[in-house]
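Both complexes shown next keep chain A, but they swap its partner, so chain B is in the first and chain C is in the second.
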Partner chain A sequence: MPSLARSEWYDLTRDMNWTLSYVDQEEAWPQDLSNTYGIPAEKWWGWDEPYKVTYSEYVHNQVGKDAGVYSVNSVIGRSRMFDELDPGWKSAIVAHYGAIAVPEYIAGLGESRMGRFGRAAAWRNMATFGCLDETRHGQIQTYFPYTLLNKEPRMDWAHKALHTNEWGAIAARHLFDDMFTANDAVSTAIQLTFTFETGFTNLQFLGMAADAMNVGDLDFGALISSIQTDEARHSQQGEPTIKILVENGQKEVAQHLVDHMFWRSWHVFALLTGISMDYYTPLEHRTHSFKEFMNEWINKQFIDQFRDFGLERPWYWNEQFLGELEWYHHALHLGIWTWRPTVWWNPDAGMSGAEREWLEEKYPGWNDSFGKYWDVITANVRAGKPELTLPETFPMVCNMCQIPVVSPAGYAAGFLKSPAPLLLDLEGRRYTFCSEPCKWIFEQSSARFKGHLGIIDRFLGGLIQPPDLGGALAYMGLSPEECGQDATNYAWARENGKA
Partner chain B sequence: MTTNTHVKMVGPVIRGVDGELADAVIEAIEADNPGSDVTVEDAGGYIRIGVPQRCRLSRASLEDALGRSFELSELEPSLSAFAGRIKVTDDEMLWYLERQD
Partner chain C sequence: MALFPVQGIFEGDFVVLLVPVDTDDPMTVVAEKIAHHVVGRRVAAQDRPMRIRRQGEFVADEVTVAEANLAPLDVLEVVYA
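So, the complex of A and B:
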């Protein structure tokens, strides 16, 4: 054990900043990789992380974390626990691994960029730990599903998904390239570590951990709650970065970066976490609704923290964000269940009588809005015509979030003024958006986003052949065996019939 | 204390699989924040401990509650998240928020 207290040597060993003489600042820290926003180098040296860890503490803790989680996995792997899990819950897990595992590696690129191009040695030190953290998350979340391959072959989408052109994978890549891969170090600290990790990852990794323990999925619960202990530390790179921007008159830059990434994060988590919590998790094990988790983790915890830095809620907070909180993920669920062959998991309709009652209780008015669509679907299933519940064509997809445009359902439910998508004509091309904030994000950085082809652009542009559902599924990497089906083979409709 | 908005709660969120440690953290936080209303929400997968606006956790109180020596850096494997801003010194962790509105 060292005889000095950590505080007596920590700053000295960490602060390796000096004035460059052999190269200039721009050569060592190019703006493209590390935007200073006009703040001089020496000001950045005041960067001071609030959550400190030394290298020896780091490796000691990490080895213990892995030993704990892998031993749970090893014991449970010999049990029948996974076989006995609810089919809807299994779908949530298969969706999670496909959407998250490889992006963890990608997040490692964002961390390593800060580890090299962060503008203070203290920051580069924290980001190096962050890079090791994300490497751990990528490894552990490809290994756990690997151990389940003999029970669920689609667990290989943990590794496969992000390497395909499946539409959800395109949406995930678009988001993560914007946030980590194609982002400069300063913006990454605010968008990845602060907005995404201090805010939204808690929803999926702790909200789902809460449900996992109730469902009896100790494996997943232990895994994701352990991952989040790394996030709790390295997400603290956001605070000192915001402080420096604010102290140096660049508060608007910080606000803009948060406004941009908060909305993008909201959309992807409404898709992944919203549906998992409110439809796939077995009713008897739901601890809270998605909206209640959002209120706890985002609307209170995250907002309190980021307002503490002098920032304000994004401009779209009241009208667009709080509005969508009531309806957006319900509309996505309806769409994803309908277009179920296009996803790598088995969407669980979750439409038994008791589940519908729960939805109406948590989201008053649900029966009169979304319930009506499900009435028609249920009638078709009961009439022995499930083929009528399947799609023959494609929805429009937003050119910002790359998620299908579901505004007609939001309009029908009374939350939007118009069912029409928003359009933008730019340099001879027409772009389609699902919402005002998505259009705003695009317009703020149109040079950055205008070249991307969404899945529907590719379809209409002749890149997907033959131009039908079969051709599109093949383009998305989905063999017939991999295409999603109803998770319970329509058991919910039969149960409904009896009720 | 806040005026017309909600009470801002700050404090640690401990992994649900580390129940024993969570109990000790609760006991220590109660000792370290006299006069404050400590709330505990057990969500199964995580245990949220909250104190209005400012939450102290000292190494000494945590060691008393655990009955053994414990360095604060050893809390990390169980600390899944926290509400508020954090400040870590050799002898205590502090979660806090400054803005009043």
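So, the complex of A and C:
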């Protein structure tokens, strides 16, 4: 054990920057891998992480975390706890593992890129811990579902999803490639660790852990809490990076990077967390609506944080973002439930009378704007025509966020001026966008995005054969047994003896 | 006569749909093909004629897809007249 207090040696050992003489800066830190945005090397050496940890402390802490959470998993695995969970909650967990487990592992690439190409030794040191964190998160979030395979075979989508062409997996790959797999170290610090982790997932994980404990899912609650403690540390790489940019006259660069990734994070967050909170979580365990969560934790706390750095709310804040907060995830829920065969979990309609009352209370006007669709759907189920609730064609998918285009819902609910998607004709190809910010992000870096083929582009390009829904499901890696079904076999439509 | 993809929006629905139509289809048939995926599924049926609108302008009922000079993936709205 060291005989000196950490504060007496830490700065010296973790901060070994030096002037290069055998190679030049560009050779050691190519701009493509670590964009300086014109700031000289020495200025970056002032990078100072707010949370300090040594390697021995890190290993000691992590061993304790793993011992604790794997013990919980081992004990609970022998119980009937998972069998007794609400079907909607199970769906949220199956969706979570598929969408998050492998991307966590891939996030290790982003961390290791910062660990090698970060512009200061202190930063590279912290990112190395981040790389170990993300490797752990990938492992633990594939192992836990693995232990549940005998109870829910689709838990194998924790590993499988990101290796398929399922549309949600395409959306996740597109987002995470943009955010960290194909991003430079400086931009990754702001877009992954500051915008996505500090802004969204760190807070989401706190909320999810509490929700898991409420519904009695101790396994998932322990897992998420354990991960969150790592996130809280490594997400702090963004702050000092933003400070360096702002102090050196590059505030606009930081603002642009945040504006870009905040919108993308919002869309995927609405898709996964919005639906889980407001539709899949059992009603008796909902402590807040998704909108309340967003307003308290994201819109207030996170915005306060980036205002501290002199940054402003993104340009689309009032007109697009706050508007979508009222309707976007409701439309996505309706879409995912309708196209349920195309996802690897069982969407829970969440349409019992009590749940509809709760939605109307939390989102005044919900009955008029969204309940009307569910009225027709419910009537079809009650009439013994569930086939009318299933799709016979595809939704258009946004060429930026890769999520179905639901702008007509925003128009019908009174938040958009037109139901139509936004189009861009570029070099002989037509691109479709769900929103102005998605189109803006694309146009800011069209060379980066224009070659990507979304699921609809692939369908129209003949890559999906036969060119029908069955062919698409096979292309997405979904066998009939894996396709999503209504989570409660339409129990919500039969309640109160009305069936 | 050839398959032709359009982006279809039915008035009051929540999503933009990929709908394959035929270049020989008149707008009345295009409207029915889009409505097939929506009416009685999420939007209640109305006993009123449907019309096609493109970029805010109505397209005459008898005009075919080929005659309307549509580009693939043009956005067509179906509204009740």
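One rule holds in what follows: the second predicted complex is superposed on the first by the 490 of 499 C-alpha atoms of A that agree within 3 Å, B and C clash if a C-alpha of one lies under 4 Å from a C-alpha of the other, contacts with A are read in each partner's own complex, and residues count from 1 in each chain.
We adopt the following convention: a contact is a pair of C-beta atoms (placed from the backbone, for glycine too) under 8 Å apart; a residue touches a chain by one contact, two chains touch by 3 or more.
Predicted model, so just to flag it, every value in this text is computed and none were measured.
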- Message: Quick check on the superposition: with chain A as the shared anchor, is it clash or fit for chain B versus chain C?
- Response: fit
- First (chain B), second (chain C), both or neither: which does A:225 touch? first
- Using C-alpha centres in the superposed arrangement, which angle lies between chain B and chain C as seen from chain A, in steps of 10 degrees? 140
- Message: Once the two complexes are aligned on chain A, which partner has more residues of chain A within touching range, chain B or chain C?
- Response: B
- Task: Considering only the touch criterion stated at the top, classify A:284 as touching first (chain B), second (chain C), both, or neither.
- Result: neither
- Message: In the overlaid three-chain picture, which partner chain does A:405 touch, first (chain B) or second (chain C), both, or neither?
- Response: second
- Message: Is A:393 touching anything from chain B or chain C once the two structures are fitted on A? First, second, both or neither.
- Response: second
- With the two complexes superposed on chain A, say which partner A:5 touches: chain B (first), chain C (second), both, or neither. first
- Note on the structure: Min C-alpha distance, chain B to chain C, superposed, in Å, is 34
- Residues on chain A in contact with chain B in one complex and with chain C in the other? none
- Query: Inside the complex, what are the residues of chain C that reach chain A?
  - Reply: 5, 7, 9-10, 12-20, 36-37, 40-44, 71-73, 75, 77
- Give every residue of chain A touching chain C within the complex, in rising order. 331, 334-335, 338, 370, 372-373, 375-377, 380, 388-389, 391-396, 404-409, 412, 419-421, 423, 430, 432, 456, 459-460
- Residue ranges of chain B touching chain A (in the complex, touch as defined): 6, 8-10, 13, 15-17, 43-46, 73-74, 76-90, 97-99
- Which positions of chain A touch chain B when the two form their complex? 5-7, 50-54, 57, 61, 64-65, 68, 202, 205-206, 208-214, 218, 221-222, 225-226, 228-229, 231-233, 236, 239, 287-288, 300-301, 304-305, 307-308, 310
